[in-house]
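For reference, the structures are reproduced in the following blocks.
Both of the next two complexes hold chain A, though its partner changes from chain B to chain C.
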Partner chain A sequence: MSTSWAIISAIIAVIATPLIGGLLRGVDRKVTAHLQGRIGPPIIQPFYDFIKLLGKKRMVANRFQMACAWGYLILIITAVVFWAIRQDLLVLLFILGFAGVCLVLGALSVKSPYSQIGGHRELLQLLAYEPILLLAAIPIALKTGGFLIADIFNYGQPLLPDLWITFLALLIALTIVMRKSPLDISSSEHAHQEIVRGVLSEYSGPYLALIELGHWYETVLLLAILGLFWIVGGLWWLAIVIPLVCWFAELIVDNIFARLTWSWMLKFSWGIGVTLIALNIFFVNLGWM
Partner chain B sequence: MGLLTTSRMKSPWLLHYDCGGCNGCDIEVVACLTPLYDLERFGIVNMGNPKHADILLVTGTVNYRNKRVLRNLYDQMPEPRLVVAIGACALTGGVFHNAPNTICGVDKIIPVDVYIPGCPPKPEAIIDGVIIALEKLNHGK
Partner chain C sequence: MEYSPSPAWDWLILIFNYAILAYFLFVAIRNLTQRGISLHNILTIVLTLAAGIPLAIFEFSWAPHTPLEVAPVLYIDHLSIIMCLIISIIGSLICVYAIRYMKDHEEHLHLEKTNQPRFFFYMLIFLGAMNGLVFSNNLLWLAFFWEMTTLCCYALIRHDETQIAITNSFRALWMCLVGSIGFSLAIIFFWNSPLHTISLIDIINSGAIAYPVLLLPLALLCLAGFTKAAQTPFQGWLLGAMVAPTPVSALLHSSTMVKAGVYLVLRIAPAFQGTHLSTLVTIFGAFVFLITAILAISQTEGKRVLAYSTIGNLGLIILCAGINTPLAIACGIMLIIFHAISKGLLFLCAGAVESHIWSRDIEDMEGLTRGLPILTGITIAGIISMLVAPFGVLITKWGAIEAAPAIGVWSTLVLVMLMLGSGATTIFWVKWMGRLLCHSPVPERARAEPMIPLYHGILLILIAAAIIGSIFIAPIYNGVVAPALTEAGYAAAFTTGFWFLKSPVGIFAAWPLFVVAALALVIPLLRAELKPEESRAAYLCGENVEIGADEFITMSDERTELKTGGFYMEAALGEKNLDRFFIPIGVAFLIVIFVVVIMV
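And now, the complex of A and B:
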């Protein structure tokens, strides 16, 4: 990848990702409303919310919280750029983890009990999905011969037929990152529930807007990582369709499940998620896949 | 109308506080959020958090015990913010008017933008009141 091409892809990714993320969020709210027998807001509603939040008066509990909101957004944008310029998958996932930690530090810097409980639950969520994401890089590297995303592009054939078990495990991580039921334990989807909005409770106005923007980037990035499983080879459009089908399945699951407890989440993600990936690594090493 | 004003009018997040009453008004407020009326059509979302809210809906009679809570909720809402008083109790004290423990009217504690009379007001009246409150954002207070 030449330098100029890398710069162009990075710029396109930084601009296009939030637009896609916001639209996905809008469709999400519309679909959810229809599933509940309502009409729902317009598809561009998330953009109205975002602009409104940017225009609100700044109110922060402390300056550190402000830095954390910026840190979360900037780290996630860095991770998106890493994907766009086909850099190291492991480093990308570590940066994503640090972004999550930023959110937690900001939440824990305030004394509000809702924020505190949200912060602690967010840490548990990191603990639940980070091992899945990091371990998922191993079978990919075993197949393609390196941790670079460029290696996946150079591999020449889709990864999904060999690594579908890893792909299933990643779907568990996707539920947590999208903050969807049954695993939306740190920031309940609706702000009138028992932990208000948990980790997001104490962020308001422009800083909530920054976090919302970061969340759009994060969702699209995770879908893009799922897309890596079919990025090369024939039928390139499947690289877009497969993540979108998974995303739609998440919406259905979100609407039919209640929120689970944190202990259930850990058992589920470590028990099933990590085991699936371990099995996949085992099979790849044996040459069965 | 600028982009910011449009966005503010299309994305009002509500905070509902019940100062104490018969819960009739509260049930009507909650009814607005059901599929029948579906307030989310207008981008209206019920928030349980004053820091995220734009419009404070107050129902029930304010008294000397909870005026502090009401004031606190109002102070935590970032500007621009609007207050809608719903029902006879919130407006004037209603049937509790002149009772020794009540402060007759929400507007004695915090500034109110829109008054919705009724005991209880119908959900349509509440939606109408919220829309009128949003008009104030457009034309200025």
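And now, the complex of A and C:
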């Protein structure tokens, strides 16, 4: 990948990702509304909301919280750029972890019971999904011979047939990262439940907008990581369709399930998610997959 | 560089070595007569004899000469130089800090007569012994310095002479003596092997592949390293060492004692490359990393969190030694450097905070950013330097993960433990930072506390070292780590174009990420101005009293104090619940190592 091409892809990624993310969010709300027998907002409503939030008067609890909102957004954008210029997958995931830490620290920096509970639960969510994401890099690296995303592009055949077990485990992580039911324990999708909006309770106005933007980036990035399982010459469109199908399935699951407890989540993600990837790594090591 | 002093020095070392062992016997017997029989003093007596008698029989009757001379006595390569720099620079900074700390400490205890001369005597002897340890090539010399660090550790833990301090000092003593037995037996086995040598460098150059008989003594040396590095099941002594004044903890955890353990394992790693022992050491390191991370979540005492984190990171270094590829060894060495800086810093922070609030409990540190903004800021920066990319500690973890698949099928188990441990690590660090940061919104900025040069100055030097060292990780690798790898017989681990660390399987670009981190966090933090009217009270369902007050109005219209707290999950993850599984597993693991080494 030449330098100029890398710069162009990075710029495209930074601009296009939030547009896709916002649209997905709009479709999400529309689909959810239809499932609940409502008409729902227009598809581009998230953009209106975003602009409205940006225009609100600034109200914050402390200066550290402001830095955390910026940190969350900029670090996720960095992770997106890392994908676009085909950098080290593990480093990308570390940066994503750092972004998650920023979000939690911002919530924990305010002495509010809702924000505190949300922050602590978000930590448990990190504990549940981070090992899955990090472990998923291992079978990919074993197959392609390196941890660079560029190695996946050079591999020449889709990873999904060999690594479908890992792919399944990643879907669990996707549910948690998207903060969708049944695993939206840190910030209830709909406000005014028992933890209000949990980790997001104390963010408002322009800073909530930054976090919303970061969340769009994050969702698309996760889908792009799922897309890595089908990066090939032929049938290239499957690299886009497969993640979108998974995303749509998440919406259905979100609407069917109620929120579960954190202990259930931890048992589920460690017990099933981690075990699945471990099996996959084991099989790849033995040469069975 | 090699150097052999005149043989008279060998006599001196021999005499002092038995003098130390005799002193251990003396203190144990004195304790026995004064306080009656206890597990600790009996174990100390038995283990001192078990370590000393075989060594004495060997040195005075089996060995062809007494004392046994080996050339060179001292051998200095880049690994020794790295260790020497860590010990001498960070160790000295801690001693300077201790000048002020001990003054506060003794004032707080209302002592009539100062004990500081004894304290600093042992602190400085400790640094000297560590330097001797990393330069020694003659295993008898190494064993002597090894005992000397045990002695200093014992004396410093005991320093305050409280009941608990004495008990814990004996625990440290007997646990380290288990390692000494390993050391004594290893020396005898090495001499009885076809190599017929106790020169460390000869043993490493021969290797266990060519001489399988070396495997058992190498495993014994690993055992010695595990005890010093407080690996499960020996973690009890390091946790107990918390009773000592904080500079002692800082010294034990960053630049001395535990680092001697991992230094030894890393030093002899080339000798067991490609053997079962190497794989077992890897799994053992990963196991310790995982369980200490989980145990740290339930700790409410700051220093115990730091202690578990230390043991976990030492496990990670041991894991690197076990993976035994150039990438892993390079990361192991770099982790020794960065861990020493960050952990030394964090202990000194904990000590400085303690001298202000007289508590070690994390819950008592709630909202400390208001009261002690500079000190707390440095603490948070220190935790960040342990926790996230692109800091040095995380870079080495990245390297360890990318190196791990090289060990084959067993890497599945190792990586699962490593990743789960990483997740748990995030929890206990962030939770602690969260408590430090948690306070009710107040319109005005926090007022900086008065600067104490010997506290704040030292802390600022260390945090600067952690940041600058991480930015310049590529030159550090080129300057000291790469030569150390070559001397140990490994290929190069990284190429460093643009100062990126580029291994055959991945790239870590540290300094660009620092630019991003500065943009993302530091600039908003420094630039952000908050007008008083933009500041809002926390959301309390509309029942707030007034902004800045830690109170809310309850249903009975009374003002009630607002309380928050951290998650510790004591019932599920507490030591009481988990140690009954982890300690036996650790013991079983060590037994498995020896069974495999002897049988296979």
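What we mean here is this: the second predicted complex is superposed on the first by the 288 of 289 C-alpha atoms of A that agree within 3 Å, B and C clash if a C-alpha of one lies under 4 Å from a C-alpha of the other, contacts with A are read in each partner's own complex, and residues count from 1 in each chain.
In the analysis below, a residue touches a chain if its C-beta (ideal position, glycine included) is under 8 Å from a C-beta of that chain, and two chains touch if they have at least 3 such contacts.
Just so it is clear, the model here is predicted, and its values are computed rather than measured.
Contact with both chain B and chain C is seen for A:Arg58 once the two complexes are overlaid on the shared chain.
Within the superposed three-chain model, A:Val14 lies out of touch with both chain B and chain C [touch as defined at top]. By the touch criterion defined above, A:Arg38 reaches chain B but does not reach chain C. Put chain B and chain C next to each other and count what each touches on chain A; the higher total goes to C. Using the contact criterion defined above for the overlaid structures, shared-chain residue A:Glu202 touches chain B and also reaches chain C. Of the two partner chains placed by the overlay, neither chain B nor chain C lies in contact with A:Leu160.
Of the two partner chains placed by the overlay, only chain C lies in contact with A:Trp70; chain B stays clear of it.
Applying the stated contact rule after C-alpha superposition, one finds that A:Asp49 touches chain B and leaves chain C untouched. Once the two complexes are overlaid on the shared chain, A:Arg29 sits against chain B while remaining clear of chain C. Residue overlap on chain A between the chain B contacts of one complex and the chain C contacts of the other covers 57-59, 114, 196, 201-202, 204. Across the interface of their complex, chain C is touched by residues 57-64, 66-68, 70-71, 73-75, 78, 87-88, 90-91, 94-95, 97-98, 101-102, 104-105, 108-116, 119-120, 123-124, 126-128, 130-131, 134-135, 138, 141-142, 145-148, 196, 201-202, 204, 270, 274, 277-278, 281-282, 285-286 of chain A.
Those residues of chain C that touch chain A in the shared complex are 367, 369, 387-389, 394, 398, 401-402, 405, 408-409, 411-413, 415-416, 419-420, 422-424, 426-427, 430-431, 433-435, 437-441, 445, 504-509, 513, 516-517, 519-522, 524-525, 528, 530, 534-540, 550, 562, 564-567. Here chain B touches chain A in the complex through residues 3-4, 6-8, 10-11, 13, 35, 38, 40-43, 45-49, 51-52, 54, 76, 78-80, going by the rule given at the top.
Against chain B, the residues of chain A that register as touching in their complex are 29, 33, 36-42, 45, 47-52, 54-59, 114, 190-193, 196-197, 201-205, 208.
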